[in-house]
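Structures are listed in the sections that come next.
Two complexes follow with chain A in common, the first pairing it with chain B and the second with chain C.
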Partner chain A sequence: MSSLVILNVANGVVTGAFFVLMALGLSLILNLSGIINFAHGGFLALGGYIAFALSKYVGFLGALLLAPFLAAILGLAIEWTLIRRLYGRDPLYSLLLTFGLAFIFQDGTRYLWGAQGLPMAIPAFLAQPISDSLFFVTRYRLFNLAIVALIVALLFVLLRHTRFGIRIRAGTLDLETVAALGVNVRLLRSFNFGVGILLAGLGGVLAAGQFRLDPTMGDDYLMPSFIAIIVGGVGSLGGTVLGGLLIGIATGVTTVYLPSASEAVMYVMMAVVLLIRPRGLFGEEGMMS
Partner chain B sequence: MKAGKPAGVLGRRSVLKAGAAIGALQVASPFIIQARGEMPVKIGLVDPLTGVYAAIARNEVVGAELAVAEINRNAGMLGRPVELLVEDSANDVGTGVQKTRKLIDRDEVNVIIGDVNSGIAQAMAGVTSEKKVLHIVSGGHTDTVTGTGCSWNVFRVCNTTTMDSNAVADLLIEKFGKKWYFLTPDYAYGHSVQAALVKRLTAAGGTYQGDLIPIGTIEYSAYLIKAKAFGPNVLIDVMGSGDQVNSLKQFVQFGLNKEMQVSGTLFELESLRAVPDEARVGWWTMEWWWDQPNVPGVKEFNAAIKQRTGAAATARNWFGYASVYTAALVANQEKTLDAVKLAHALSGFKLPPEVALQPAAPAYRAGDHELMSTVFVGEAHPPQGDPDNMFKVHSLVAGEKVASPVEETGCKLQWPA
Partner chain C sequence: MTGANGTALSATGLHTFYGKSHILHGVSLEVAAGRITTLLGRNGAGKTTTLRSLIGLTPAREGRITIFGQETTRWPSFRVAALGVGYVPEGRRIFPNLSVEENLKVPLERSGPWSIARIYDLFPRLHERRHNRGRQLSGGEQQMLAIARALLVNPRLLMLDEPSQGLAPLVVREMFRIVEQMRSEGISVLLVEQNARMSLAIADHAYVLDDGAIVYSGPAKALAADEERVQALAGAGAGEWQADDSPLNGLSERYRNA
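Entry: the complex of A and B
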């Protein structure tokens, strides 16, 4: 049984990687702009659909490069036309707007691509287990893990070592002061929103290769990602990464002993964390570590 | 300057002109007069148009719309046009019940059709029987709909889970062996399918293991690791819709299709379209299939659906089509919309070949109101020629042969006084 647990911890990390991508995007937008983006799952699905459409022309890998940026461009358009008007208002406004947008995304994808799922294929060389004994570790899973690790590293470099990233971090602490120092806050928020959507779009492309691609696929990742942020601590990107991985692992391990509780376990985990440390494992109010 | 009439006073000529115009309209537009006497017969369809079952639900709507168009082109229903009112249950029991009440109380529909989700269909049946409205369950499979939860006014077009299970079970035992591992969704439909398959398997001396898996699970590696460790002849994948797509994609990516067969009851054409070629594998049942070269009417039905959707007809298209026709045919036969009279007439009612669209003309069994439809058992494969040619039918199983006897279904019909 112990080897079974270890195997499922490994697979939990792979699943958790998808939650990490989603949660990082959500967290970026929430921390700087105070927007609870319920439409994030819709952007994830959109990334998958755009990749499906592009893959006929540029292949899966080409689509993996292009689709997240196209999703981000759409995200920017929505931020410019709708989201931006709600900055500084009660979060309830943005919550209602993005909740509505989530439905519009689902119906929009249904209208454009149909209600039934689509068969996203991955390159043959990735669709193989790495060995007979490790049959459940496919090259595609390792590929996903490597991509997510690379993206997390790039994001941390961006936030810690670039002027834009430092401004974003400063903005999460005190946006008014950042604005008073002459920083274009509008542009900063737009850029930040675009990065968040880019991560969702990337998650959508990767997920569509391993899981289903249909209009409701984003729902699978949205709630675990919110919980990852809460468990890791609002404001902490490192905490968000850890939260996503922990949820993936907890779900995987619970599956071994009590499959019917594999979904409930993340809520239990959130409840326990909130009881012991209400700010989450690494959370500091208004801070981005 | 000519003296005019005071403003706002109608002249004699104006009144005469208006009268003449009204008279001319009565002659020139007889349809207006006719329409007054032709209140449409309303059919309400409740299905989950949003959510995970949206694709199959929408295909039921397409089939129902085609039937309505055909009926209206011909004699209509009791000589009146048919109007289809479609409501979204959003895959939620409360919403489904609320929409059913709205259709009956406010829109005054004469017949209710739906739902894809058995739980919703069952809850809707509570409303329709209370309101004494004929109810045709188009696509909810759980046994209880025409079993322990049956009702005098409820008739079902799609098969029971037991029918589909029995149709494929014997073939699997004979062809592949008696050691099975189940991936079963943890709700009524999954439990019902597994119970029926296990009954058949254990009767044949087989063994099994399996997992009850929450709906909406995306990661199946833990279950597939356990399945491989058990070493079954067949992996029975009962997961539905997007869950089935997720589990089958991972089954193939792990290379397990080289070690064991995969099978189950339904792998609907909508789901087959949603997986890549390599995951179009395994042995399954279809409840209707578009490629039946020797069956009259199928080609025309398929072409009509293709004109509307751009793709081959699915079982769900046929469910919607047959549901509407069932109501129209029996109403025209009985010349009434009285639900009790229609329900009595439907008990044992045989679908005509042009609606049945299958080798045998199935009938609604009198004892439980289940349509004894043919089950198509076969193997999934990547497209060959036509993009929807992804299933090879190996055997046709008569519904009566695989349905539980009425006395074993638990159905006890209680008719209103």
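Entry: the complex of A and C
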């Protein structure tokens, strides 16, 4: 019984790590540009499929490195042509647009790669369990966690210690003043969007290696990621990371004791957190502080 | 065109709206290079709207703006600022979630004499508080930070919107001293103020704005000599300011809540 709990906590942490990647990207885009990106799950799937296509030529690890950047470039093209026109408008416009994009991504990947799930080959050394007693934990899961931890650390360094990151944090509260200080806020928003999509694309490659590819794979992460942002506190990146992991663990553990509630548990968590702390666990007035 | 006799900025016939309300009715003004030009006027006259139009935050619907010989009328504000225009907004608009040092890293790094190290020389108080959040600063410190931030763009033209607002008298004097110092650095200044007396004391040229139109333009000295007009401009607060000669290096803790 207890090893079953450990198994599900471990599973939950790994799933939570995917939520973290998704939620951080969503949060960057939401905070700086006020866009709720419903196509984020589509970008995740796209990252996975691009990696699938590339892996024949450059292997899994090569694809892991390249695919997120290709997804980000596509994201930049879409931001440049479509999304930027909606900045500063009623959020309803961007909701409709990104909702539509989500469907286009889904049908596009279905058209190109088929509706059935595709397995993504991972290197043999990653497919083994970490030990005989912990036979249910593959090295790949630890690898996933290590990559996510590394990326989160890099993102935090970017936001705290580079001018680009500092300007993003300043812009989340007062973009107008950032612009009046000479900063090209169009580029700032574009790069910020690109970083968000890069994280989603990376999540897609990692998820493809763990589960498999299918056109709707991103949908499973979208709602939990939004909830992770709300639970952690909108605008707090540390809170978003914690929120993602908590939601992952809660769903993982509930799967053991009350499988039918494993989805509902995250909504319950959100309701409880919001009742006690309406701003979320780490939400404070200063966004991204 | 930026020489001693040149013009840093010239605006003609600006009409600016907020939605349907027509705020500026054909404002024209000039800022001479290397001089302090002050724009005075009572509450709601349109001073802030004028500055916002000039920097491009609230673009004028009609009219023409030329800055350092470039027509900037339809430019987004980041391009105007990148031309060398420093902007100190009304209410300071410090980034409250960032530390003092981070606030200083937001502006575009245009090349020029100003660096964060030099800012700390000029404002030792900001150096002491560099790890504090913007929201933890006193009003005076926030105003210094707002000016410092604008200087880091290495401006050739500095536009300040009521920098003395809400500050204690000593800090106000310090602030005006710094604006004068900027002129001696060769920076052209457009100073919007409610404190008519002090602005006129340091300015070279003065404009008075009323109901979105320029109603006076002339040498600052001439306006300062017209006691009746100054009284009208300064309103109730005219006599309140008292000279205080105690020396002030940086900003005192005493004015934390100024």
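Operating definition for what follows: the second predicted complex is superposed on the first by the 281 of 289 C-alpha atoms of A that agree within 3 Å, B and C clash if a C-alpha of one lies under 4 Å from a C-alpha of the other, contacts with A are read in each partner's own complex, and residues count from 1 in each chain.
Criterion: contacts are C-beta pairs under 8 Å (C-beta built on N, C-alpha and C of every residue); 3 or more make two chains touch, one makes a residue touch a chain.
Every value quoted in this text rests on a predicted model; they were computed, and no experiment measured them.
Once the two complexes are laid over each other on the shared chain, residue contacts for A:R169 go to chain C alone; chain B is not touched. Of the two partner chains placed by the overlay, only chain C lies in contact with A:V178; chain B stays clear of it. In the superposition on chain A, no contact is made by A:N192 with either chain B or chain C. Once the two complexes are laid over each other on the shared chain, residue contacts for A:N37 go to neither chain B nor chain C.
Once the two complexes are laid over each other on the shared chain, residue contacts for A:S27 go to neither chain B nor chain C.
Chain A has more of its residues touched by B than by the other of chain B and chain C.
On chain A, the patch touched by chain B and the patch touched by chain C do not overlap at any residue. Chain A makes touch with chain B in their complex at residues 4, 7-8, 11-12, 14-15, 103, 106-107, 110, 114-122, 127-129, 135-136, 138, 140, 210-217, 219-220, 248, 251-252, 255-256, 259-260, 262-263. Remark: chain C residues 55, 57, 76-78, 81-82, 87, 89, 93, 95-98, 102-103, 105-110, 133, 135, 149-150, 153 touch chain A in the complex. On the side of chain A, the complex with chain C involves touching residues 163, 166-167, 169-170, 172-174, 176-186, 285-289.
Remark: chain B residues 50-52, 54-58, 186, 211-214, 216-219, 221-226, 228-229, 242, 245-246, 249-250, 252-256, 270-271, 273-279 touch chain A in the complex.
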